[in-house]
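Got some structures for you, see below.
Presented sequentially are two complexes of chain A, the first with chain B as partner and the second with chain C.
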Partner chain A sequence: MATREDSGKGTLTTYEVTKSDKRFIGAHILVAVIALSIGSLFGPLQAFQFSGVDLYPYLQPVFKSYYQGLTIHGVLNALVWTTFFITGFFTLTTIWGFKRGLRYPTLNRVGFWTMVVGLVMAAVPILLDEASVLYTFYPPLQANWAFYAGLTLVVVGSWIEGYGFFFTYRAWRKDNPDTRTPFIAFGGLATMAMWQFATLGIAVEILTMLLPWSLGLIEGTDPQLARTYFWFTGHPLVYFWLLPAYVSWYGMLPKQAGGKLFSDSLARLAFWLFILLSVPLGFHHQFVDPGVPAGWKYIHAVLTYSVFFPSMLTAFTVIASLERAARNRGGKGLIGWVRALPWNNGSVTAQLLAGILFMFGGIGGLTNASYNVNLVVHNTTWVPGHFHLTVATAVTLSFMGISYWLVPWITGKPLWKPRWAVIQAWTWFIGMLIFSNAMHVLGLLGAPRRTPLGVAPYVPEEWSGHLLRVGLGGAILFVSAVMFVWIVAKTAWQRERLPVGAEVEIPVAESMQDPQLTPRWLDRWVPWIVGTILLILVAYGPQLVDQIANIDLGSGQAPTIRPW
Partner chain B sequence: MSEQNATQESMHIDPYERNWIRISIILLIVFAAAVTIAGFALGFQVPSPEERVDPNNLTGPWENPGLRELSPGVYDLYIIGNATTWQFEPREVEVPVGSTVSFYVTSTDIQHGFKLQDTNINMQIVPGQVSKLTYTFDEVGTYDYICTEYCGVGHAAMFGSLTVVEK
Partner chain C sequence: MAEEQQTDQQVEEFHPKGTVAILVMFVLAIIILWGSVYLILLSRGVTV
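For the complex of A and B:
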């Protein structure tokens, strides 16, 4: 790597990403899109089941049940599509932010292939109906051991890719001791750093309980402790999904819209706060758990409110950046400027619509976090309604939008029918409005999540209109997903290439204030990381000690007959 | 909102953004205060550790689940969830209007959910643990309790009903 020229003092000089790095990023996106394609086939099957059209009997004997389909949908869309897209996208933001190749390209390739092996290992038992345990896999539901081992490898692979980014940062830092970390690279590093802490919970859960148990080495599990471990990871997982979208919203979208990043300092502050606050609040997923004291649930509820703050910062900074961009383009009026944004650009439209639905997702999330208010919606369809606005729209629709410049950049080919990308984004938006609203309303009426409501005997007549809307929204979303995959595939497989000199540019927004003027404490790792560790110890330490000291592996033995 | 011409390190927070930050913090404090008052002054509470049990060998009141009257109008109700029959035991319960019922729910096998419709009773049912919440029924009617956690092929059919009758 010593032969590569460095960018010097943070000014933009030309830098060519090597062909092999492009291919490496492309491999991530390919796996991600394949996962999304398969996972999205099952979405409408769940939704149609709600509205009384059960297609699962026609899938026998290949796919056995609604729950197997739900497991495939959740694992592929929420875990695989996201993780592969994110690691691929951050490979790009690291390389392009630092204007240098990865420090140890082999390390990142090892990480990638570890994830692929893990994915295949987990996929086999899922497809064989040996792991229909949904993506939360709460014991004592017991999956085949390969499912747990595969998930572990996916996580370990993502760690390794993260190390690759950290080493690249260190090499860059040595050459640039006084330069502020380029924002898009910083965002990736911050996310991957948070991820290292976040995944400790699930790693301990699988390695100390689920894996040895599924191999028959220990007699049982402690289901309550397993839940605590799981949600240690489960909530920061949503920030692992969300922060890459934020990197784009802060660091790229303003450029695409014709403007600049409104506040470099506050953008960085938001990311530091996410590292600090993402992990120590997992009990807000366990408000109704019997084995966690109400006092600790309350503390985590308050901490959850505090992590809402950096998202409020994001809302302001991103909207302010977009408003300036729109006014530069001649936009006028208090709200009217919105029309001056480049709505004819599918990549921009997708991310704008993702952001709009995310506002509702945020408000719903605040409801979920609200301690006793949560009793009204816990384990109801409100919750999947909520996270289809967050992970399935704010994140997924943003990733789709990113794909609309990323895939042409990787392949050197023009985006296939750019107008279709705009239509695809709007279709997702409309489908999700219908689907998600119906799911929220059903949740308030008491409909349980994870349940094929089309066959549940207790469903009252008053739910039926909303159940129909779930099916309708699901159908529109399915059409939109097909359009996305089609556009991306046609782009990659067409013969036409972009002419020399007309290659796609990676959109990187300048910030209004020179990043060198951003205070130094917003570019220092040690205090934030120490703070994160301390806060985790305070917020989780006592309960972890208590629950581990009182562990009862006899209480969670696998059922003698497999329940699915 | 002019471009900055500063030459020194500074946080540069726009006046509008400063106000937005103030509003955000105030809003979050108001929300936190509301749930705090509701939880600790008005008694809208979430479950807390009650008791550990052996799911393979439930003893005491669990050997005969159902309603126990402690004093007139005050009941303990023991309910067991099961994922081989996908039923709650008991499946039907009747109490007079005005009753205060403490729900104690556990599982003999895997996890379940317990949500009593149209009330704030909503609990995760974890083998080895007892989930408890209390509710006072001021209105006559039928309240379904449904399983809200995936527990196998029979999950969608798993429910029971509590009927509140005139005294």
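For the complex of A and C:
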């Protein structure tokens, strides 16, 4: 039941989320956690394989190969866990930020079920080993058509959910023409707006090439153009994962830590810059592609480094918010205040540790984006080492931390054994530290990625210690993932309920500065959206025209490879 | 004038010195780790 309190400016100040809303958000989180549970089963299988313990033969005939396992791990953890969690979380930030229900709840439900149908459709060929093409699904590796159609539906469903948020914003804006958009709602909208642009690449790739090719309607495909389309989406995909974590780091974590957001203006500026800069830099994933001219690689490299600016804005604003919180709690010293943060809170600890490891992920990303270093490490374990610090830690560990208040809020039940949540966050941190460091070092030593190194005959002795560390780190991470799923499941299924009046509060941080003082240009969409479109046209337009003009979809372009 | 006074009241003063210190350490870590990768690769000699 919704209650409405009008402050006199058309601004709702209280809103009671309906049971239906909670169930809807909970459905997203349920699918997300199930995906993470299954996907995480295959993480240690990959890591153990590196250290010479190959368990895949024991999984026959259900799971047939290392590549099938790697596909399940990547698709479920990087695509499904994230997308469902994000759309569920943003349903909450939209409703709670605007203090009103979704404008068209049916539309969002259609979006959710479209994603579910897409997930099932893609899962069937993956489980049947008919789509072992990894989550990047580069042609000429070819999957069953249902895999591509399913992923398309997942993306379309996320678009539809985004439209639901935009319509809700429009209704709120009509009632509040002069009020700054509440930050947590703004962050969700900005992310979903960026996602609309970003996914155009993958939509075009699947609909014009991969789907007709897998259905036998066209003879071949063009791997170069396909990779260009993919990375048009692939890099901003990283920001689709990261920005929801940033919404929490900026807009919620300061409250959990006992403080306020240091600067509403800086937070919004960072989000606008991420919208502007996330898409037009995909060629930095294609430094080794011979079909992309060096000049365009250079332009995208410069744009890649420009993302460092909003990233540092984020680091400054979030850490300053935490410093203020810690000093409120009695923290002293130039650095010593860090100890005063509420490290006994699993939700806070998970997000703090996610942020710490993300700093190292940023360093690895900057290094990896250097053209000449990238030529050496591009196809090595450095890259999965890097993205396990970003998507598998900054994002995943933050989402785990968010879950530690979100699931109790949805279910009305207390977090099961809160101390375990703290231990879970630390085990993830330690496991990832061991795992990712070993992967980075192996990458510098030349160990190839996407390769079952446990059965490779060319592994030199100097790799062996690091390969063992990959296995050890993977084992700790697996224990941590099991702990997370167990804690969340026990929280949801226990009989104990939170007493009346002790319900979980949604942590929304106030800003140190009244948001109404944030400059109006940081709450206007048109200039930023126009700028984004123009920058994409400049950075991608000429190359796309050239690559499309030279497209070859005949069978002579590249032999179809069905890797099963 | 009244508006300025109101603005001053609405903005809290806080100087995040610890944050600046952490970010300086972060930038130094970037320089050291990034540079070390170049040194590692250069130590293996050039590829012609």
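Methods note: the second predicted complex is superposed on the first by the 543 of 564 C-alpha atoms of A that agree within 3 Å, B and C clash if a C-alpha of one lies under 4 Å from a C-alpha of the other, contacts with A are read in each partner's own complex, and residues count from 1 in each chain.
Operating definition for what follows: contacts are C-beta pairs under 8 Å (C-beta built on N, C-alpha and C of every residue); 3 or more make two chains touch, one makes a residue touch a chain.
As the structure is a prediction and not an experimental result, all values here were calculated from the model.
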item: Partner chain(s) touched by A:456 [first = chain B, second = chain C, both, neither]; value: first
item: Partner chain in contact with A:266 - chain B first, chain C second, else both or neither; value: first
item: Which superposed partner A:320 touches (first chain B, second chain C, both, neither); value: both
item: First (chain B), second (chain C), both or neither touched by A:312; value: both
item: A:65 touches, of chain B and chain C: first, second, both or neither?; value: first
item: Partner with the higher number of touched chain A residues, chain C or chain B; value: B
item: Partner chain(s) touched by A:337 [first = chain B, second = chain C, both, neither]; value: second
item: A:376 touches, of chain B and chain C: first, second, both or neither?; value: both
item: First, second, both or neither for A:359, with chain B first and chain C second; value: second
item: Partner chain(s) touched by A:513 [first = chain B, second = chain C, both, neither]; value: both
item: Contact residues common to both interfaces of chain A (with chain B and with chain C); value: 262, 312, 316, 320, 324, 366, 370, 373, 376, 512-514, 517
item: Contact footprint of chain A on chain B as seen in their complex; value: 1, 3-4, 6-14, 16-17, 20-21, 24-25, 28, 31-32, 34-36, 38-39, 44-50, 52, 54-56, 83-84, 109-111, 113, 115, 117-118, 120-132, 144, 146-157, 159
item: Complex contact set, residues of chain A against chain C; value: 260, 262, 312, 315-316, 319-320, 323-324, 333-335, 337-338, 359, 362-363, 366-367, 370, 373, 376, 444, 512-514, 517
item: Residues on chain C engaged by chain A in the complex (per definition of touch); value: 7, 10-12, 14, 16-19, 21-23, 26, 29-30, 33-34, 37-38, 40-41
item: Touching residues (chain side chain A, partner chain B) in the complex; value: 65, 67, 134, 138, 140-141, 222-224, 227, 262-263, 265-266, 286-295, 297-298, 301-302, 305-306, 308-309, 312-313, 316-317, 320, 324, 366, 370-376, 378-380, 446, 448-453, 455-458, 512-514, 517-520, 550, 552, 554-557, 559, 561, 563-564
